[in-house]
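A, B, C, D and E are the chain letters, set down in written order, and residue numbers restart from 1 in every chain.
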Amino acid sequence: MIPLQQTPTLAPDWLALTPALLLGVFALLLFVFDSIDPDESNDGLLAGLATVGSVSAAVVAGVFLLLGIGAGDGVSLYGGQLVVDGMALFFMLIFTSVASLVCLGSIDYLEGHDDIAGYYSLVLLATTGMAMMAASNSLATIFVSLELLSLPSYGLVAYLKNNKGSVEAGMKYFLVGALSSAVFAYGISLIYGVTGSLLLSEVAGALQGGEVLTDLGGIFGVGVLMVAGGFAFKTASVPFHFWAPEAYEGAPAPVSAFLSSASKAAGFVVAFRVFIVAFPIESVAGTIDWVLLFQVLAVVTMTLGNFAAATQENVKRMLAYSSVGHAGYVLIGLAALTGQGNGEIVLGAGMIHLLVYGFMNTGAFLFVALVEYWGVGRTFEDYNGLATKAPIACVAMTVFMFSLAGLPIGGGFLSKYYLLAGAVGAGVWWLALVAAVNSALSLFYYSRVVKAMWIEEPNGNLDRIDVRGYPTGLYAAVVIAAIATVVLLPAIGIFSGVAFEAASAVLQIAP
Amino acid sequence: MAAESGVFTFAPAIAVLPFVSFLVALFAGKYMPKKGAVAGIAATAGSLLLSLVMLAQVASGHAHHMELYTWVGGEGVPFELTFGILLDQLSTLMLVIVSTIAFLVHVFSLGYMNDEGETGLPRYYAELGLFSASMLAFVFSDNVLMAFMFFELVGLCSYLLIGFWFRRPGPASAAKKAFLVTRFGDYFFLIGVVGIFATFGTGTFGGPGVEESFPELAEAAIAGGASVNTFFGLSPRAWFGVLGLLVLGGVMGKSAQFPFHTWLPDAMEGPTPVSALIHAATMVAAGVYLVARMYGFYALLPTVLAVIAFVGGFTALFAATMGVVKDEIKQVLAYSTISQYGYIMLALGGGGYVAGVFHLTTHAVFKALLFLGAGSVIIAMHHNENMWDMGGLKDRMPVTYYAFLSGSLALAGIVPFSGFWSKDEVLYETLVHGLGGSPLLLAAYAMGLLAVFFTGFYTFRMVLLTFHGEPRTDLAEDPEPVRWNVKIPLAILGVLAAVIGVINLVPVHALESSVPEFLHDWLYHGPEGLNGEHYHELITSPEFAGYSAGAIPGLGELGTLFASAGLSLAVALAGSAVALALYRAPAPEEHTAKLGSLKTLLYENYYQDEYQVWLAQDLTEETVAKNAKRFDDGVVDGFVDRVSDVSLVSGHFLRRVQTGIVSNYAALITLGLVVLLVAFGIVGGWFGGVFA
Amino acid sequence: MMIEALVGLCLVGALVVFFAPDEYAGKLAFGWSLLPLALSALMYLNFDGRGNALLGGSLAFEEQFTWIALGPYELTWFMGLDGISMPLVVLSTLLTTLAILSAWTPIDERRNQFYGLVLFLEGSLIGVFGALDFFVWFVFWEAVLIPMYFLVGIWGGARRKYAAIKFFVYTNIASLVLFIGFFGLVFGLGDSISSLALPEIATALRAGELGPLAGGLIVPEQLRLLAFVAMFIGFGVKVPIVPFHTWLPDAHVEAPTPISVLLAGVLLKMGTYALLRFNFTMLPETARSLAVPIAAVAVISVIYGALLALGQSDLKRIVAYSSVSSMGYVILGLVAYTSYGIGGATFQMVSHGLISGLMFACVGVIYNVTHTREVGDMAGLADEMPLTVGALVAGAFAYAGLPLMAGFAAEFFIFVGAFQSTVIAGNGMAVMTALAMFGIVIVAGYLLWAMQRSLFGPFRFDGDYEVTRAARHDIAPLVVLIVVIIALGTFPNDTFFRMITDAVGPLVDGATAEAALGTGGGSP
Amino acid sequence: MAVPVQYYLVLSAAVFCIGLFGILTRRNALMFLMSVELMLNAANINFVAFSFQHGNLTGQVFSLFTMALAAAEVAVGIGIILVLYRNFADVDVTKATTLRW
Amino acid sequence: MTTRPRLRKSSSQVIGVLALALFGVLAAVFLTASFGDAAGFPADGSITAAIGYAMFNLDAGAFPSEGFLVSFIVIAVVLDAALDVAVMLGLREEEEDTMASDGRGTRGDR
């Protein structure tokens, strides 16, 4: 139970959406810039604008979150189409933090490219889409916001339009995405067919009692599975994950960071909300036991992601697969909502993991961006002896890798073990065991990066670093991400409390 | 009390003094004139003096016990483990023996080591000092744990001193073997110690002022007067028997009893003074001393006593036969040592507590003498130990010869040298108790008696080959002279070997009771529970060992005594006579060939080393350990590596699913969706009961 | 704030040294490491804890304040020492200082990183022994892996990468397993605990508060068993017990010697320490019901480990496998549930830490000079390096359980405690003890065998290096260790054993027939 | 009165699967795009049919959004196909396989 | 590039069976479901007008519907974004990046 404290309110209500609005405004501002002066080449100004936009949104989201705005049932807006509650703000914080880092890191990465304004406006538009997803409380807004995230993402992946890899990645991402959104839309139509509504709370209301499901259980089940497919696409979960390794590898590294951290989190926030709020497991378990579904998906996803990651030669692709693996971990957040134990622990753990993941994974991809910037190569061997040239960045990368692997050098340690604890508490200890095996395997391949950087001898390909120098923006982004990752170990309490509260709030909304 | 404990407060110094000499020699030895020898001599002289003082104190009727300090204690543990000193008749006697020999060996070492220009002398004297300290501490230990600890420490010193010449492969190997074989025995001993503490909650031997000692508790338990923890549902008597046998493991290891005797001949690789001190007079005696120390416990257990006696008798004979064919002087002495400790075991097992201690005393003297004499010869022969290269040394080194002869006569058991008296008593005690109704003891006696023959033979073979006849090499023609520091110890010991028997002239006492049996009286007046009288009661009590003294039919007690003495003397003389007959010649021949295949068997020591080496090396190390290693590398670790291989291979397979062709992805997505739909459809009953 | 200061000193030192100039790093690290050493010595002298930390004892240097929450469970920063952890803290600080000193010679590149990581490792180790909240403890427990990975991976031998990753992944998966097991217990306790403070959990578990997990899917008995097994395996890997030991020889052989010193000296103790704190303190009933398999595992570890050591020809491997063997004694002592048994096991942790540290340090000094550890590659080193060889002989005999050295004391306590234990019906523990004790013969066998071949005999060396005497700063750690080992073996009670038995007392009360010893047992 | 809703559903399923069939078998990116449009329209059929079934307009309104989205998707899709053609000189989706495994 | 793709082109038509299978599953589900009678829309009232009201969350339509104001605004932005993407991708850059032949190198290889 959330203590009935005086929660601060905003007047008017829609101010609660400030983070999303800020992002949208800045995105459009950049859009306008782009339209007025397409040849504007003041990269710093554009990047600064985008960074300021996302940072300010992050600050607002963080302040709202800590002030407790929307604690409890949240601020419901526009007839229930949107809700700004703890979970929404928490995820907005994740999205905007990642976006800030990505914008900061892109300054150097995009050096010499055309259409910088377009890039930043797409990043901010996609972030806006995510923020809207976090606040969406209706399948309609979810679908539309999800597309607001997807379409700019396709463009971002293909941003290096003269680079075969980037274009191919964009093409694959787009095609799989289009297929997925068709499936998603079809699923929504079936849900609508069964319940007659798109609002999550009304869907749940229609399901209550279970009369509808006796007649229309099959249709509902197909709908739920298809909706789950849509989320699986966004979160890069099996079997809709196929785009992920390619897209993350081919895309510009900051975009990979953005997609694998923020976009994944966006997929999860809607999945959390839809399944918990709209399809309460008590009502639907007889028809479609989505907890079981997510257990299956979690096991397959984490196993596939981690095992495939273990045999990669390319660091970026390894990170891509590991990102699939992490999707599997977070799926535990849904898979362990068995009604046993403390649901808020496992759901909150999933949220916290996504938060920490936002920093550590973004940081890792930005480090890859740094290496791509230097042009020393992409395989593990190419990373050999990197620490001799760039010790600070390598310390940061080590922090990311070990934190991703769940060693206590960053917040990833706590969040991963929170997840495991939650799984055990829910009685799905076997799921925890599978996660444990995967986690140990992940330590193997993450430490390969560390080994290359610190233990191996340099290959002689590092001279290029001297040529290109040390880019300030990327360095700053990487170091900030590392500091955040490390600080989140002792200071996770700042966010874990609100995460657990938000989780229990969402869980208690369910009838 | 205050006055006497005033003297006794110096008791720890008996061990501490040599320990200090160890430290001095170790850290400052190389700066000292005699490389630490002076410190050692001073320390052991001090120990000897103090031991004598203690002996005198005890003689005045004041056995003493004191707790030194608590090793482990306090509220947290169920029983304390302490260090303490027990000064009674037995231990003070042994202290005097040990410190005497140690002192003399230190002096002798000046000649054997310093004068020979050996390097590493500080190490030598340090180790010698540590040994003396440990041995003395072992002797005055008041409980079995402390005894075990110093028992192990003397083992360490033995290892170090055998391996003193570590540059040569032989000593290094012999040292290892000595430690390992005794360690194997100590394994059982340690179980026994642990068992004693677990059973009784105390390991004290007893003594004045000691409330509880385990022999007393055991006695009470068998008598039904106390309850103790026995294990495995055994009766107290049976369980104590197990404990006794376990402790016996250590005894047999240290005292080189069959089948743990194999290390001792090898240990002759060490410097000869070391052989004299450690491997003849003192450390090897530690085993049998331990039996004597806890005789109150063994006397309760007839089975164990029989085992002790039989092992002793067998070892006495077995080792003596091997001594017959040896070519090297120290080898003969080594087998002789094994054989003689067999006698002591025989005595203790046969109920002859006093006899055992008596032979322990005399043997310490004459065997130390023989070793030192051999050392003198070895100096003279430039470290050639082969007796066939000697001959005729009698005239060139008379002091050594006469001293050696005195020791040899004692060893052979020729009246009136000390060995006669003690060996005779050993055999007599065994005989009477055997006649009292124990065929096993009689068998042991028979073996002991037979061994007397071989003892006489190999002793005089050794003397004759070494000192008599014509010199067989140039070296023997002109041996290196030895100095006072060799001669004085030999002289002292030579005299002692001849006369020390007076301390217990049993047959004489039987004839003329005014001739005292000093040792008998001495030991019978020990503190309560630790004296010979008490032991005798236990031995003869039907509730415990249940021995009874018998006599040769028709001869009576006195007749049996003299018959036994006469018999053993006759056998000894017979053995000596055969040796004289064979080797008296100026240029004696090797007669071993006449033994035929027996010769090989004896030369190879009954293949005892072979099977033990096979056990330790071929079986344990080469077979078991190597296979364990193979198993561990291949199976246990192999499993770990396979797991990692399988993970990587399956990872390789999984990544192949990602073909790079987007159509395939669409197909796989569709496939996944269809599979999920069908699976959950069936579970959820979506198909209108079609599959239900 | 003493423990915090201790950990903080190490971590700050790590940072300082990490950024210090390479050539001064060794001296700086040594100097700095004297601070925690002095502080821990001060703490040892002022130690005022009583009883067991988990079972209502009064803690020394206690500190507790809230940190974060995991759902309904509060996680607190909770530090404190009792008689079990205090000796281990002293062990950690002492061995770290000596390891740093012994690293001066062999470590000749990236010194600042090396010493920085060593100090980081020290801080983590102290944290492991000081922490009394599960998550805080677990943070330190896992944090230990990070410096170890680098220390083995960067400065190790030829197969260092393989060894480092094997160690890393193997022990990590063990941690995951134990974590799952432990949290099964936490959730089984449900509302009866409100934090993850270990004393609270231990008390609740011993009070029988354990309920079913997952709505009755797993009943308390099963849960207890499953959790016990999971934690036993998890900690057992660290110990290591057979058959989870194979990472150890690889890690030991490849690690630079100063790290082997710490690995064998302190890291393995984490496993046994945790076994004592978790399995044997929290689930005594389960431990007793599983006494037969546990004791069997202990005996197998002792004998099999010793046999494996006998089969090796690399000096470091020999010592590594003998660690497996020695740690088997600890398990045997723990399962005995007698004050001598558990106390001896704890004492063995300290004593084995010192002795194996000494052995590794000696092997390291030899390796510095000869660049080989193969027994067959050398002979008769005693003449060339008398002090080192002397120390090695001392270490070997300490290992082989020579009285008046720490190893004998510890092993004797274990033997006495295990022999009289009644956890297995029909004096089964006595048989197990007797079997395990055979290890003292094998250990003497392989150590003497190795010494005979490599140290004694005529001098022979099949290498290109000139065999010279070791530097003074190489010898100093050996001397210090020998002195400490003898001090501990001669005065076990006055050094550590009294505080240990005080702390293990609550664990064994009424647990055995000790009190019922017919004779009342010993002096009052 | 009218056609049972199942008929619409089966129709939409058929359209959906035809679209899917196109995706699975066509290699031309434009055909791929068209197939996706078919699938989205299958959803629209459902929305409209269910809207009638439930007697509320939610489905109808939403189908408008779906159409708008389809348009947006096509815009993006065409752009991507354009750059695909520029880089690979082909619009065969199975040709671009530089990234795999 | 030495390994052939798992699904060969010649078999791509066969893959279409999956679509058929999906249809089978969907049809099986749909045809076994039992809907009640359709509520339908009364003849009086403008559906088109109601749709318009629903788009702007105006509660004035003749038929019930949820509000879609948010979706409406968001879709507007989506269309903007699509435009942005299309323009960005469609524009031909003046200076051509020379790409590494394997297509994997990005800017780093320049």
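Some observations on this one:
As a convention for this text, a residue touches a chain if its C-beta (ideal position, glycine included) is under 8 Å from a C-beta of that chain, and two chains touch if they have at least 3 such contacts.
Treat the numbers as computed from the prediction; the structure is a model and nothing was measured.
Most remote from chain A, judged by the distance between CA-atom centroids, is B. Central chain assignment: C. Criterion: smallest distance from chain C-alpha mean to the mean of all protein C-alpha atoms. Two chains share more touching C-beta pairs than any other pair, namely B-C. Taking the mean of the C-alpha atoms as each chain's centre, chain C and chain D sit 64 Å apart. Separation between the centroids of chain A and chain C, computed from CA atoms only, is 42 Å. Per-chain Cα centroids separate chain B from chain E by 93 Å. Remark: chain A and chain B have CA centroids separated by 76 Å (rounded to whole angstrom).
Counting only residues that touch two or more partner chains, chain A has 140, 143-144, 147, 151, 154-155, 158, 161-165, 168, 171-172, 175, 179, 183, 197-198, 217-219, 221-222, 245-246, 441, 444.
Shared interface positions of chain B, i.e. residues touching 2 or more other chains, are given as 644, 655-656, 658-663, 666-667, 670-671, 673, 677, 681, 686-688. Within chain E, residues 5, 12, 15, 18-19, 22, 25-26, 29-33, 35, 66, 68, 71, 75, 78, 81-82, 85, 87-89, 103-104 each touch two or more of the remaining chains.
The complete set of chain-chain contacts reads A-B, A-C, A-D, A-E, B-C, B-D, B-E, D-E.
Chain B contributes residues 655-656, 658-663, 666-667, 670 to its touches with chain D in the complex. Across the interface of their complex, chain B is touched by residues 171-172, 175-176, 179-180, 183, 217-219, 221-222, 225-226, 229, 238-240, 242-243, 245-246, 286-289, 292-293, 296, 304, 306-312, 321, 441, 444 of chain A. Note for the complex: chain E touches chain B at residues 3, 5-7, 12, 15, 18-19, 21-22, 25, 28-29, 31-33. In the complex of the two chains, the chain B residues touching chain E come out as 656-657, 659-661, 663-664, 667, 670-671, 673-674, 677-678, 681, 686-690.
Of all the residues in chain A, the ones that touch chain E in their complex are 24, 27-28, 31, 34, 77-79, 81-82, 109, 112, 114-115, 118-119, 121-122, 125-126, 128-129, 132, 138, 140-141, 143-145, 147-148, 151-152, 154-155, 158-166, 168, 197-199, 215-219, 221-222, 252, 371-378.
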